[in-house]
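Multiple structures are listed underneath, in structure tokens.
Here come two complexes built around subunit A, the first alongside subunit B, the second alongside subunit C.
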Partner chain A sequence: MEEQLKIDFEKLLEKSNFSKKNIEIKRKNFNNFIEKGFPNKREENWKFSDLNQIISKNIKNLSFYNDLSKPNKIDQSTFIDGLEHNKLVFVNGRIEKIEFDYEEKNNIEILDDLVLEIPNNVNNSLLFLNNAFVSKFFKLIIKKNYSLKKPLVIYNITNKDLVSKSINLKFDILLEENSSLKLIEFSNDKSTTNFININYNFDVKKNSILKNYKIDNNPNSNIKYYFNNINQDTNSVSEIFLLSSGSEFIKNEINCDLNGKYASAFVNGVFLLNGSKHHEIKTNINHLVENTKSYQLIKSVLEDESKAVYQGKIFVDSKAQKTDGYQLSKAILLNDNTEFNAKPELEIYADDVKCSHGSSSGSLNEDSIFYLMSRGLNYKEAKKLLINGFLLDVVEKITDSEIKNLIKNIMSLKQ
Partner chain B sequence: MLKIKNLKADIDSKSILNNFNLEIKPGEVHAIMGPNGSGKSTLSNILSGKKGYNVSGEVLFENKNLFELETEERAHKGIFLAFQYPLEIPGVNTNIFLKTSLNAIRKANGEKELDAIEFLKLVKLKAKNLKFDEEKLNRQLNVGFSGGEKKKNEILQMSILNPKLSILDETDSGLDIDALKTVADGVNSLRKKDNSFLIITHYQRLLDYIKPDYVHVLMNGKIIKSGGPELALELENKGYENFN
Partner chain C sequence: MREKQIDKLKDYKYGFTTDIENIRAPKGLNKEVIEFISKAKKEPKWMLDWRMKAFERLKNLKEPNWQKPKYPKIDYQDIYYYSAPKSASDKPKSIDELDPKLLETYKKLGIPLQEQQRLNGIAVDAVFDSVSVATTFKDKLNEVGVIFCSISEAIQKHPELVKKYLGSVIPLTDHYFATLNSAVFTDGSFVYIPPGVRCPMELSTYFRINASQTGQFERTLIIADKGSYVSYLEGCTAPMRDENQLHAANVELVALDDAEIKYSTVQNWYPGDENGKGGIYNFVTKRGLCKGINSKISWTQVETGSAITWKYPSCILQGDNSIGEFYSIAITNNHQKADTGTKMIHLGKNTKSKIISKGISAGFSDMTYRGLVDISSKAKNSTNYTQCDSLLMGNKCGAHTVPYIKNKNPESNIAHEATTSKISEEQLHYCQQRGLNPEEAVGLIVNGFCKEVLQQLPMEFAVEAQKLVGISLEGSVG
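Right after this comes the complex of A and B.
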């Protein structure tokens, strides 16, 4: 693979016109990646999901250069129906559409020729890979006191032309003071066996609100890694909801630094897996100052031989008195071959805090099924009602009612 | 309506019912009384199709072999079990559950399913009759309900589904006097010439409010004595131990 990486990297530099500075940064990132390679289970963070093995098992002849010179057709039927929204559309990793029809243009800015970075998190080789191979680094700025009137949907569409490629995307999103954004990331994949590596960096300033809904629902054989870094200032709110269901493998990593008093972070997620799917969420919520709050709720329903992993960490700095941290994960295992791994971690250096965690997993309650069947529902209907009830609890946490309804529709939870 | 002949039931090779016989005709109310462990709940579980029992003998419901029917098919045919311990079902709205249940049964019987408006009209009326707090219908099924509310909810379901044979498994346990009266009124309002009841209880108290046609004493897995309502009083005076 190293040979391929080198060839593809040189090809990328040759075919693109990156600035001198960026080429220099890219080379450093590239060398760092070559040195470390894909993460494997010897690393604590990856012990439940050996990415190196997963990639070599699922992807034949992975290549890293992706020709972005020609536009791709957008399949309009992919767009979310019945929800007015702004769009950023990526097809096979190439930006095809930027549309903010509902917004005041002077309150939004999009940059795409930024200087890249060398991540200081040296343990995460995938960030090096991302910075080395990303072709455009986007930054979206929501100006002070502006709230987007409609949600922004980032479409990550791949079509059947894309096979065994590594796609790298990188976004910075800055919410200036008193601003707000509802962001839906919507994946639709018709491609096969690609490795998709997406890096988000959210900077949420004072009194701002970020709502981020990540929807991965259509079945596909891609392997995906998302790194979400969130930095929160005073009195800001972040709300993340994941519907993790469609792709063969996903690891969603969320690092959230609560840097301002009264900042709060909510991470809620649903894993709905079947076949050999394997999804993970790894969170690091860092309470760094006084009076911050975090809440995490993850529910999984696993069928066949699927596997879900939740590694949830709450870190409380010695300065962070009056922290309120909570996490809970629950899983329903529909047969014996499924696997659910939970690793809750609390690392607390302050003494006046409220932190709790819990985790449970088990099969569907047969007595409940009997109860429902005795009221005329057949086994399948009873099972579906119980599972939907189990999941609804998480979906109800979504604070935007329009998007909550959309997600209920997608999950067929509408009662 | 219901004919049970030589019913024998084991669980984990422990005999629970043995040589159990009972016949219930349309419109009749039968009470089965017995001490703890006599097999009362096993009987109600077997009649509604709970798995895990090894059974033999014959149980006919309207001349159909009950053992050939799945739990939901028995519900479709008109058998209803009011649970001793109604289950809490998180995330499932009570109203939605009731509508799903009613429509599943109507559909199986070739009747038109009720739409939301027709259903709400029906459920409101029934809830009012049972003094069941309407607001609770919008809550998750039995979640956070008191013991009495759960039991009332069972009777509410029964009155909406209007079954032919209702089995009440210790519905009186855990009810205060007022709730007991409401529940009994609910049952009495359903007494018709075609609807039958099998009331399973420890105590004679419930039978003050729901007058049974027959009372049976169940001990060690079989009926040891049958009689009229006066048998319940005799039991209450003597106790189970001295009954033999």
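Right after this comes the complex of A and C.
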């Protein structure tokens, strides 16, 4: 694979038009990645999901260069129906459409010619890979005191032409003071066996609100890695909801630094898996100052041979008195070959805090099924009703009612 | 230099039998030293071979480094792996020579004078002799057929049992410290409870003759045969001073069909001074195997001493319907560090496990609960319940929880809960209002916090442990 990486990297530099500075940074990132390679289970972070193995098992002849010179057709049918929204459309990793029809143009800025970075986190080789191979680095700025009127949907569409490629995307999103953004990331994949590596960096300034909904629902054989870094200032709120269901493998990593007083972060997620799917969420919530709050709720329903992993960490600095931190992960295992692994971690250095976590996993409660069946439901219906109730608990946490309904429809949960 | 030492060894070759009491093996870890230990203990060949196998394996192993408390590198060549008990002339002559701080603690714990002397190895008056007490116990045990002796004695007298079970729970190849122990262990306890026998008393290292000098590489093996029961106590509430910094003991428990083993530990080794200098590294490997059906192993530990405690008493629930339990109180103060917890590995059907862990950190200390619950796909209908609570005193200390939960079986249930909190001002105020001083108040509240675990200790131990909990936190309030 190393040979392939080198060839593809030189090809990328040759065909693209990067600035001198960026080429230099890219080379450093590339060398760092070559040194570390794809993460494997010897790394604590990847203990339950050996990416190196997963990639070599699922993807044959992975290549890293992706020709972005020709435009791709956009399949209009993939757009979300019944919800007015702004669009950023990516097809096979190429930006095809930027549309902010509902917004005041002077309050939104999009930059795409930025200087890349060399990540500080030396343990995460996938960030090096991302910075080395990303072709355009986008930055979205929401200006002071502006709230987007309609949600922004980032479509990540891949079509049949894309096979065994590595796609790297990188976004920076800055919410200036008193601003707000509802962001839906919507994946629609018709491609096979690609490795998709997406890197988000959110900067949420004072009094701003970020709502981020990640929807991955249609079945496909891609391997995905999302890294989300969130920086929160005083009195800011971030709300993340994940629907993790479609792809063969997804790891969502969320690193959230609560840097300002009264900042709060909410991470809610649903894993709905079947087949041989393997999904993971890893959270790192860092309470760095006083009076911050975090809440995490992850629920999984596993069928066939699927596997879900929850690795959650709450870190409380010695300065962060009056922290309120909570983690809960629950899983229902429906088949003999399913697997659920959890590592809910607390690292606490301050004494006046309220931190707790809980985790449970097991089968559906037979008593409840019996109760429902005695009232006329058949086994299948009873099971479905219980599972829906179990999942609805998380979906109900979504604060935006329009998007909540959309997600309920996608998950076919009745109201 | 090394050759010289080997030469020296050769000289000893003939002197062994007569003057072994005063011999110390040369410093360092090598083949010769292991041969020396084995010879000094008059071990049969198979035992030496076993040690050698461990030593060979050790060469390919690296020290683990994933733990939270980091420590300076240990020079394994700078350790004496065998030294015979100290001669009377090295020991303190009277109680007045001891550290007054130590004496004060003894007083608080209510330890009798003779006992204090014994603990410090002071030559004890012939009238009071634990030997006589111990012999009466021995007779009682012999009556029911319980074997309770040192592991060296067991190697001589019961080789078939030792051969069969030694290393069956903690294999030679396990990890660095366990393998090191297998190569160089010097002594420890051996217990065998015959089928259907309920051991008539709590067994304790305390009653075993010559138990005080087991050294830093202790090895304990307890076998409960079918339908038997034993409760074993290790350690003691009194502070133990030891010149050896590294302690890497191995404890193996085997419970056959319908057998039950209850293993309680109170550890109060020297934690180092207030500035975190010195103190013992307690790197112990403890593992129990519920081999038979309906077997049960229960670990209870009160860990208050040592500069670094790094241990995970575990249960392998192999037999169907077997039960594993883990109750722990770990207290760290000043610059102490602890990384402790358990592993519950469910292999058999209908297996149950329960983990109750209470961690208290004060001063500049750091405490980590690290645990694994692993339910394999064959362990149908298994359940686990875990509760780990931490209490923090001050904002210079840390409390961490790192549970690993793996479930591969849909018919099994796992529940895990953890909380972190502090002693509230209201509680303190309430107690103080009723006439307790702040330290007593903290002691009372902490004892309440730990109650679930203290209840698991044998009666006489529990009382002392309760006092110990209070004493360990001295100086952390106000």
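Keep in mind that, in the parts below, the second predicted complex is superposed on the first by the 414 of 415 C-alpha atoms of A that agree within 3 Å, B and C clash if a C-alpha of one lies under 4 Å from a C-alpha of the other, contacts with A are read in each partner's own complex, and residues count from 1 in each chain.
Everything below uses one rule, namely that a residue touches a chain if its C-beta (ideal position, glycine included) is under 8 Å from a C-beta of that chain, and two chains touch if they have at least 3 such contacts.
Everything quoted here is computed from the prediction, not taken from an experiment.
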If you count the residues of subunit A that each partner touches, which comes out higher, subunit B or subunit C?
-> C
Does the superposition put A:S63 against subunit B (first), subunit C (second), both, or neither?
-> neither
Using the superposition on chain A described above, determine whether A:T78 touches subunit B (first), subunit C (second), both, or neither.
-> neither
Which of the two partners, first being subunit B and second being subunit C, lies in contact with A:L385: first, second, both, or neither?
-> first
For A:D336, select first, second, both or neither according to whether it touches subunit B, subunit C, the two together, or no partner.
-> second
Go through the superposed model and pick first if A:N259 touches only subunit B, second if only subunit C, both, or neither.
-> neither
Could you tell me if A:Y371 is touching subunit B, subunit C, both of them or neither one (first, second, both, neither)?
-> first
Identify the partner contact of A:S147: answer first if only subunit B is touched, second if only subunit C is, both if each is, neither if none is.
-> neither
Is A:T399 contacted by the first partner subunit B, the second partner subunit C, both or neither?
-> neither
As the complex stands, subunit A meets subunit B at residues 365-368, 370-379, 381, 385-386, 388-393, 415
Report the residues of subunit A in contact with subunit C in the complex, numbered from low to high.
-> 44, 318, 321, 331, 333-363
Mind pulling up the subunit B residues that touch subunit A in the complex?
-> 48-51, 70-72, 74-76, 80-81, 83, 86-87, 89-93, 96-97, 100-102, 104-105, 108, 140, 157, 161
In the complex with subunit A, residue positions of subunit C that touch it = 66, 377, 390, 392-422
